[in-house]
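Both of the next two complexes hold chain A, though its partner changes from chain B to chain C.
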Partner chain A sequence: MENALALTALNKSFPSHKVVDGISLNVPKGCFYSLLGPSGCGKTTILRMIAGFAEPDSGEINLNGKRLNGLRPYERPVTTVFQSYALFPHLTAAENIAFGLERRGEKPAEIAPKVKRMLELVGLEHRADRVPANLSGGEKQRTALARALVVEPELLLLDEPLSALDPALRKRVRLELKQLQKQLGITFLFITHDQEEALSLSDQIAVMNKGKIEQIGTPQEIYLAPATRFVAGFLGAVNWVDGIGIRPESTRISRQKPAEPTKSTTAKVVTSTFLGDCFHIETTTENGTAITAQVAFNEEPFAPGESVHVYWHASDELPVRG
Partner chain B sequence: MNRLRTIFLAPSAAFTVILFLIPLSIIVAYSFLTRGVYGGVVGPWTLENYQRLFDPLYGIILWRSLVMSTLATILCLVIAFPLALFIARASDRAKGIYLYLVILPFWTSFLVRTYAWMFLLRDTGFINTILTSLHIIREPLPLLYNETAVVVGLVYGYLPFAVLPLFSNLDRLDKNLLESAADLGATPWQTLYKVIIPLCAPGLRAAGVLVFIPCLGAYLTPDLLGGGKSIMIGNLIQNQFTTARDWPFGSAISLALMALVMVLLVSLLRQDGEEAL
Partner chain C sequence: MKQSRFLGLFAALVYAFLHVPLLLLCAFSFNSSKFTVWEGFSLEWYRQMFADTQLAEAAWNSLVIALASTVLSTIIGTLCAYGLWKRGSKWLSGSLYLSLVTPEIVTGISMLAFFQWVFRYWQVQLGMHTVILAHVAFSIAYVLLVVMARLRTAEPALEEAALDLGANEWQAFKLVTLPMLKPGIAAAALLAFTVSFDDYVITAMVAGVDSETLPMVLYAMARRGANPVVSAISTVIFLGFGALILISDRMQKA
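== the complex of A and B ==
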C-alpha cells in the first residue's frame, strides 16, 4: 500500500535528554495508525514535529511525497485534535468548524454546506450555535474532531483525544471514531498511552519506549507476539516464569495434576479476586515466582492457601526475544 | 462573626463617609447655589449652573476633552497591546522584570515627570537642541504648548494602566488556542485578529476605561504641556474654584463629568456581563 506519512531517522533532544531517538516509520494511506507508549516516551514530541510546532534536530518528515521539514504549522496539510480540544471559546461549534475553511479563503457560500454536513456527520446539528462552554465533554470532543476533519487534511493527528472523557463515553466515542475514519478514508495518526484504545482502534501500532520504537505491527501481532519484554508488559499483564512470558488468560489452574502434556508447576493460592466476568487468582510457586491465572466466573472458587497446579500450553508462551 | 465584620469594615466605611460622601454632598449642594462676590456660595437655590453647561464655549472644551482623551486612549491601547503580548510571552523570570519596569515611573511624582517632558519638548529642550545641532532643522519645532504635547503627556502618564490589564488577560490566554489556530491554517496575523484580540476584549475594555477616565479628568498635563491654550474640563473646573471663584459652577461641571463617566462605565460593564453569559 502507498505510504502517506514517512518519518526517516527522526531525532529530537531537549537539554536534559534525548526524547526522540532515530525514529523511522511509514504510515500507509487511509490507515488508522497508533503510536502507543507510556508518558514521556516521545510520542507527543513526534506529533508536534509532524504538526510543525517543533522542528526535529535531524531526520525527514514526508507526507505524500512532500517534505514537511521547515514548513510553518499553517503551511502543512495536517490538522490536529488536541488532548484539551483547544476549541475557540468565543466561537460557536459551527464557527469553530468553519475556522479552518475561512483561513483557506473559502467563500461563505461554500463553507456553510460543508459545516452543515460535518455537524450532521458527528451528530451535532442541534448544538451548532452553542459556544464550547455550553457543550458537554463528548460534544466538545466531536466539535474538535469535526473542526480538524472539515478541511480534509492529508493526515489527521489525534493527541490522546479520548482521555478527557469518562470511561463509558470513551468506549462509545471509540467506536464512532473508528467508523468515521473508515467512512472518510483519511489517514489517522493516533497518540495514546492506553493499550486497549490502541488495540481496538488501530490497523497498525508502533509501540514506543524511551524515544525508540520497540515494535511495529498489527494489534494481534504485538499482543500475541511481542518482540520485547517491554511490549509484552505494556500491552497486558504477563507472568514471567524462568524468562518465559505467559498471559494470565492463557494460564490455567487446577487441584489435580493436569493429564495432558503441558508445562506445569505447583503453587499456592495467595488471593482470589472476583471481577464479574472472571476470577484473577494470584499464586506463588515454591521458589517465589508470582503467577496470575484467569479463571472463568462460573468455576468453583479457589481459596487462599490452597495448593494447586498452574499450567499452560507451550503454544501460548509469548515469543519474546529481547 | 457579625461583630468582627463590623469592626473590620468600620475604617473603610468611616473613610468613605468622611472623605467621599460628605464632600460629594457638599459639591451637590454647591452646584445648586449662587456664587458669592469674593468666592464661597450664597443663596438662593438655582439651576442656572447646569444651564450654563450648555454654553457653546464650554461645549468646545468638553468636546476637546473627549477627543483628546479618546485619542490618548486609542494610542495607549495600540502601544500597550504589543508590549503586553511581548511580556506575556516572555519567560517567568523576564515577566517579573518587565512588569517592574512598566510600573517603575510610579516611583517618581507625576508632577516631576510632567516637568521632565517640558524639558524634553520646549524650544531649547533636549529634542530641539539635538535636531538643531545635527542641522536637521533650523528653527526649533513647536513641540510644547499644543494639543499634541497634551496627548503625548496623557499617553505617557497612563500607559501603565493599559499595559497591566492587557497583560493579565494575555497571560491567561490558553497557548493551545494559538497552536490550534496555526494548525487550522491561520497565519500569525490571522491568529491575532481572529483569536487573540477577540479573546482580549475584556482586557481591552478594562484598559480603555482605566486610561480614558483619568484622561478625561486630567488637569496637570493640559495645564503644563498645553500651556493654558488647549484646556480640558479638568482645567475648567480648577479655574472655577481658583481664579474665577465660581464654586457653584465648578461643582456643576464636576458632577456633569461624573455623570458622563458613570454612563460610560455602566454601558461597558453591561457588555462584560452579557459576554459572561
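== the complex of A and C ==
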C-alpha cells in the first residue's frame, strides 16, 4: 500500500534528556495507525512535530511526498484532535466546525452545507448552536473531531482523544471513531497509552518506549508475538517462568496432575480475585516464581494455601526475543 | 439557635459599620442645613455643585485622565499579560506586581523625581500628561493581575488549535485569544478606571496647576470644614460607579 506519512530518523532532545530517538515509521494511506506507549515515551512529541508545534533536531517528516519540516502549523495539511479538545469557548459547535473552512477562505455559501453535513455525521445537529460550556463530554469530543475532519486533512492526528471520557462512553465512542475512519478513508495517527484502545481500533500499532520503537505490527502480531519483554508486559499481564512468557488467560490450573499438556509445575494458591467475568488466581511455585492463572467465573473457586498444578500449552508461550 | 442569633447580630453590626457612613453622607447631601443636624429636604447643595466652575473643571480633568490612562494601561497591561503567559518569567511578572505593594507616597515621590530629572533635558512642565503617565504606570499592574487570572484558567492548547486549523499567529490572537479574554479585559479596564479616578496621593505629587483632579479639589474643600457640597459630589460619584459596575456585570453575563 502507498504510504501517507513517512518519518525518517527523527530525533528530538529536551535539555534534560532525549525524548525521540531515531524514530522511523511509515503510515499507509487510509490506515488507522496507533502510537502506543507509556506517558513520557515521546509519542506526544512526535505528534507535535508532525503538527508543526515543535521542530525535530534532525530527521525528515514527509506527507504524501511533501516535506513538512520547517512549515508553520497552518501550512501543513494536517489537523489535530486535542486531548483537552481545545474548543473555542466563545464559538458555538457549528462555528467551531466552520473555523478551519473560514481560514481556508471558503465562502459562507460553501461552508454552511459542509458544517451541516459534518454535524449530521457526528450526530450533533441538535447541538449546533450551543457553546462548548453547554455540551457534554462526549459532545465536545465529537465537536473536536468534526472540526478537525471538516477541512479534509491528509492526516488526522488524535492525541488521546478518549481519555477525558468516562469508561462506558469511551467504549461506545471508540466504535464510532473506527466506523468514521473507515467511512471517510482519512489516515488516522492515534496516540494512546491504553493498550485496549490501541488493540481494538488500529490496523497497525507502533509500540514505543523511552523514545524508541519497540515493535511495529498488527494488533494480533504485537499481542500474540511481542518482540520484547516490554511489549509483552505493556500489552497485557504476563507470567515470566524461567524467561518464558505466558499470558494468564493461557495458563490453566487444576487440583490433579494434568494428563497430557507439555509444561506443568506445582504451586500454592496465594490469592483468588473475583473480577466478574473471571477469577485471577495468583500462585507461587516452590522456587518463588509468581504465576497468575485466569479461571472462568463459573468454575469452583480455589482457596488460598491450596496445592495446585499450573500448566500451559507450549504453543501459547510468547515468542519474545529481546 | 442562640448562637445563630448572635451571629446574625454580629453580621448586622459589621454591615452597619460598613454602610451607615455612606448612607449618612447621602442623607446629609439633601439636608437644608449646612451642619449635621437634619432640618429638611433641599437640593441646594446640588445646585451649588453644578454652579461651581472649579469643580466642573476638576471633574472634567479627572474624567479625561481616567479615560486616557484606562485605554493605555489596558492595552499595555493586556499585552504584558499575554507575553508573560506565552513566555513566563518569574522576575518580570514579579517586578510588575511590585508596584502594587509599593506605598503610594513612595511611588508619587519617585515619579515626581523622575519627571523633574527628565525636565532638565526636555523643557516640559507638570500637567495632565504627567498625571496620565503616572496613572498608566500604576494601573498596568492592576490590569495585569486581572488579565493574568483569566489566562491562568485558559486552555493552553487554544492557540495551537487555531494554528492547526489554518489561522496564522495574528488571526489566532485576534479570533481566539482576544475574544476569550474579553470579560477579563473589561473587568481590568473598569478597575483601572476606578483606581485612576480615585487616586489622590500620586496625582497630587505630579499634577500641575492646570491639572487639578476631583479628589484634589474635594480634599481641599473638605479640609476647610463641613461642606454639604462635598457630600453631594461624593453621592454623585458613588452612584456613578455603582451604575458602572452594574452595567459591566450585566455585560459580562450577556
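A few comments on the model shown:
The working rule: the second predicted complex is superposed on the first by the 321 of 322 C-alpha atoms of A that agree within 3 Å, B and C clash if a C-alpha of one lies under 4 Å from a C-alpha of the other, contacts with A are read in each partner's own complex, and residues count from 1 in each chain.
By definition in this document, a contact is a pair of C-beta atoms (placed from the backbone, for glycine too) under 8 Å apart; a residue touches a chain by one contact, two chains touch by 3 or more.
Nothing here was measured: the structure is a model prediction, and the numbers come from that model.
Once chain A is used to superpose the two complexes, chain B occupies space that clashes with chain C.
In the superposition on chain A, A:207 contacts neither chain B nor chain C. When both complexes are overlaid on chain A, the residue A:90 reaches chain B and chain C alike.
Under the contact criterion defined above, the residues of chain A that touch both chain B in one complex and chain C in the other are 51-53, 72-74, 78-80, 82, 84, 86-90, 99-100, 103-104, 147-148, 151. Those residues of chain B lying in contact with chain A across their complex are 174, 176-177, 179-187, 190, 194-195, 198-199. On the chain A side of its complex with chain C, the touching residues are 51-53, 72-74, 78-80, 82-84, 86-90, 99-100, 103-104, 147-148, 151. Within the complex formed with chain A, the residues of chain C that make contact are 155, 157-158, 160-168, 171, 175-176, 179-180, 182. Put simply, chain A touches chain B in their complex at residues 51-53, 72-74, 78-80, 82, 84, 86-90, 99-100, 103-104, 147-148, 151.
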